[in-house]
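Labels run A, B, C and D following the written order; every chain starts at residue 1.
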Amino acid sequence: MKCFEFMGKEIFAQFGIPVPQGRMVTTAEEAEGVAAEIGKPVVIKSQVLSGKRGKAGGIKFADTPAEAKAAAADLLAMTVQGHPVQRILLEEKLKIESEIYVAITIDGAAKAPVIITSAKGGMDIEEQAEEDIVKVYLDVFLGLQPFLAKDLARRIGLTGNLAKSYADILEKMYNIMVKKDAELVEINPLVISGDQVIAADAKVTIDDSALYRQKDVPFVDEDMTEVEKMAKAAGVGSFVELGGNIAIMANGAGITMGTLDMVQLFGGQPANFMDAGGGTGVEGTAKAIQILLAQNPKVIFINIFGGITRCDDVANALAYVKKNIGIPVPVVVRMVGTNQEEGVRILREVGIEAYREMKEAAQKAVELSKAGEEV
Amino acid sequence: MAILVDASSKVLIQGITGKQGTFHLKQMLPFGTDVVAGVAPGKGGGVHEGVPLYNTVYEACEHHAIDATVLFIPAAYCKDAALEAIEAGIKVIVIITEHIPVQDELIIVNRAKLKDAVIIGPNTFGMASWKCKLGILPNIAFSPGPVGVVARSGTLTYEIVGSLTNIGIGQTSVVGLGGDRVPGSTFVDMLKRFEADEATQVVVLVGEIGGNAEEEAAEYIKTMSKPVVAYLAGKSAPPGKRMGHAGAIIERGKGTYEGKVQALTAAGAQVATFPYEVVEKVQQLIRRS
Amino acid sequence: MKCFEFMGKEIFAQFGIPVPQGRMVTTAEEAEGVAAEIGKPVVIKSQVLSGKRGKAGGIKFADTPAEAKAAAADLLAMTVQGHPVQRILLEEKLKIESEIYVAITIDGAAKAPVIITSAKGGMDIEEQAEEDIVKVYLDVFLGLQPFLAKDLARRIGLTGNLAKSYADILEKMYNIMVKKDAELVEINPLVISGDQVIAADAKVTIDDSALYRQKDVPFVDEDMTEVEKMAKAAGVGSFVELGGNIAIMANGAGITMGTLDMVQLFGGQPANFMDAGGGTGVEGTAKAIQILLAQNPKVIFINIFGGITRCDDVANALAYVKKNIGIPVPVVVRMVGTNQEEGVRILREVGIEAYREMKEAAQKAVELSKAGEEV
Amino acid sequence: MAILVDASSKVLIQGITGKQGTFHLKQMLPFGTDVVAGVAPGKGGGVHEGVPLYNTVYEACEHHAIDATVLFIPAAYCKDAALEAIEAGIKVIVIITEHIPVQDELIIVNRAKLKDAVIIGPNTFGMASWKCKLGILPNIAFSPGPVGVVARSGTLTYEIVGSLTNIGIGQTSVVGLGGDRVPGSTFVDMLKRFEADEATQVVVLVGEIGGNAEEEAAEYIKTMSKPVVAYLAGKSAPPGKRMGHAGAIIERGKGTYEGKVQALTAAGAQVATFPYEVVEKVQQLIRRS
């Protein structure tokens, strides 16, 4: 779960990482007040999860409270990548001498936390040459020891008090990773301003699987579509809207991906990725089908290889939705595995014929999605 | 023959009396798995579906020589259960559970490495060899034979293994690496074992976009004597939700469908576009040999 | 540094280990008040560092506040192993069903923390048969994981909620060891009372070398003699009073022990162990000599093998003390090593002849210590 | 010949510009030690007594192949400095510092074990071989020759080694294990090295009461081909009194003077009652061979 910048900075402040003086507000009037409080030129940053906020015009500057109010009003009227700006962060404008990049994340292939840092931080970090980027893997049982933080300071050319402050920030970032179950703690830029090192930005991503033990971090769902929010509320395991017209449900991430791939290779356009998971039961599956319907697709394609998932459960769910809610579009079902015969029988009763082969089913679904397009 | 475990392996189940544990125990027993013990805190001394119960893994190990364990344990308790198995000296540890916090996975996986234990998973269907299933692969999918299968995802594997079985091509072992960010075992780990396993004639690799496990596998495949057929899921997936700039810096353009296909093809693997093509390619290779 | 029981229990309470309701007091009147507060039969325990307090009569029981007052007055008038009882701990009297022994300490040979536990706790734990004692070494990088705590509960025969409480206490004891730099955390007995597991005693020893980072633990010096306290205040590295009449100073613990051994083998009685350390300088050495004098010995024996320690520094210190404070007893000095010639010259000026060989010097010191005994 | 280090070893000093570091650097250089680099945070790029300075151990290792390091670092910072040396891959690490918290020592010593680094100390005079002194043994005490010396305490060793040198009996290596509760190396570790060292003819072991290091040593001495002369300090120590060295606490009757003498004698070692007897016994053994 990605945190907004202001949330990340709250966590930073909690762990003792220096952040600019500032506050998050939701109205232009509040912005004016906070600017007056700060009493210096300010930067006003729209709080959205997109990484390209700066280039999209989501950051403004103001020298006076009145200017801040106007800039805040502009930002609060903006939409960044489809999301209306609802929150803005006002902060003192820093005197930037140089910008450092620093991040801690987890490298699955290396099975280790990794620190990535560069003396050349800022907007174009991804385009930096390999030799300008320092990458160090950590031993999870040793953690980030002070000596390594100090050596990283040396490797990006810091000395004296700046090196000490940087090393200290690095240790605190590591603590955030461990204590807040963060998958990513990124500061870009980490700003050098006089003899101070300050986090001008904050990207913190909390491990979704650990949210249950990070209850004090507010939940953020801004990067989800309305249907995705519905799916989440309905407890559907994994759902992403893709914009096509074939609503797809399968059980298992791999087979779902494989189904999408096949549909696309046959010329169809998947409306979504939905891994309905294993052993969801009748009620859960019925909810999942309703999420499919909420996308107003031209056809629904259900691909089940029954393992933990029982074919009769899926069939009963379909029958239930068809009878009680209604399914206004064609449904293509491929169904094999656990309790297959029973499932096929139930479907037949409500007028749905099940396929055995994934290929044929996928071809049929694509065909139906194109019906009426151009005959 | 098989890799990691075979019909003689003594198996423990942790979380044996839970809903999932019970359900899959009832599948594992008829498959032929020699489940010698189960762990269920507070129920030690009892018997469940004919299997003796113990309060802790250490206790189970005092009474049985255990070769492998399967964890049906809720995510929040998996770190402790897996560490217990590792410290008790069990060498094959299958973690079915999904949604384990990644910090926990790091600890499990690195501790296992230190103690020479093999972790299969987390978030996997487990694995199966002839008369020894550790996990949740549907029994009907598996049949004994000459093909080694290693996969990142589950149901897609059932699809492919089931099709192989349907046309009479059996498997030495089928292994699911699991879909998590920090998997305990990699393609390379398992390819090495299949390469060394005399009974395995052809290896099927079922991969996915993202990460660089397939690219690493390709490097190893170059050195293999046995043919490899690969299928990769995710060709149509939109570019992933990235882990900030850090993710992009780590991956630097790696992990795409095209890149993986290219690496595997260059290494001499046959890459199937559809799952059913895997079966066709394997059939040809078996006939040829 | 050994903590008093009441200090150990304060640490336990901080970390969430259940302790009996109670409070430390220093007067019989306070004891009466606390007994009334508790409102139940109480146990009154003298707070001394000796392990044999119970057998020495340092623990009493009382059913009423008046009885408690009387018992407290008795205890506060007592002396346990030379130390007057200055503090007493009043606690509710527990209904004891059984007593467990549990301790975490550090085994230097195994280079690991070790847990020692037994279902047969209580006064005679040291006499328990080996098979009744469970001993488990911990990996310092893994710490005490819950599974191990639970397995230890099983191994000493606990089940159900008692097992859970015990495992929980064990994890907290481990946390105390790590977070409070404890060398020893011992509970004997850990009492089972109904469905509760309660620490009836608390022995916590803080690593002397880590006291600098455990500032919130009050300093305890009750097991030191007056001269030992003087030595500590004067910054003399390591000093223990032994009761003989030859005051000894050497530099380095090994050679100090070797000097004591030699003196004793020749029939002498060392007054003390004093490792004056290396490179202490003139001022520090002069202070150390005054500590030797404070013991009123019959002879002073100084044995220096100069490495970091400079012989001229030791000689100047002796000369300074002799001139300015006076040394009313004979001084035997053995002196070799760094700046030896200069040291010998300085000593000669104040009338002290230095030996080269440790053996001869030790024999001379013993001889002088017996002068006038029986000729 | 010698153990652990010899005249060709490249040596680093951590904390080289401090008072202790500077003093002992000035002793180590004339001894013949090849001190190639020093670490002094913030002073990197400078030179101290002719030795180039670096800000971190990693930086020093970028410029020099380092065989051993000596730490003159305040106790509170020793854990970090020692871990840095271990992680940088240095294989012989001498920790002179005393009063390091025992929790820190546990981490240092166990990490070193994992990374195959030898820790000498903490709380030691260090060690010396011909033209390579790591620590604070007085230069005049050492001379080259056929006796290997391993000790728990410092000045007592100077006494014994100095006496050997005075009568013309030199040493292959002199090693101080240190007086702390959790020593990095044990008697057995060093006895094994002396046994394997061709130049060593006789081994001197200087022990103390407390702990069981001498008893373990006795077990190994049984298997040694070379004669061992032992001296043990603390015969007169009263039970349970702290004698500065944490090791000298007598616990549960174990670690007594008598027990240790018995074990060593039974193993075939000669045990001297006085330090000067060690020299006599070694002299006899050298003459005999």
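Points to keep in mind about this one:
Operating definition for what follows: a residue touches a chain if its C-beta (ideal position, glycine included) is under 8 Å from a C-beta of that chain, and two chains touch if they have at least 3 such contacts.
Keep in mind the model is a prediction, meaning the values are calculated, not measured.
Taking the mean Cα position of each chain as its centre, A sits at the greatest distance from subunit D. More C-beta pairs in contact connect the chains of C-D than those of the other pair, out of C-D and A-D.
Subunit A and subunit B have Cα centroids separated by 27 Å. For the pair subunit B and subunit C, the distance between C-alpha centroids works out to 55 Å. In subunit C, the residues that reach two or more other chains under the touch definition are 141-142.
Counting partner chains per residue, subunit D shows two or more touched chains at residues 111.
On subunit B, the positions that touch subunit C within their shared complex are 41-42, 44, 55-59, 80-81, 83-84, 87, 111. For subunit A in complex with subunit D, the touching residues are 142, 145-148, 150-151, 154, 159-160. The residues of subunit B lying in touch with subunit A in their complex are 23, 75-76, 99-103, 106-107, 109-111, 113, 125, 136-138, 140-141, 151-159, 162, 179-183, 186, 206, 208-209, 211-213, 216, 231, 233-238, 241, 243-250, 273-276.
On subunit A, the positions that touch subunit B within their shared complex are 51, 101, 103-109, 111-114, 116, 125-126, 133, 135, 139-141, 177-178, 181, 183-184, 186, 188, 203, 205, 207-210, 212-213, 223, 242, 250-258, 260-265, 270, 273, 278, 305-308, 336-338, 357-359.
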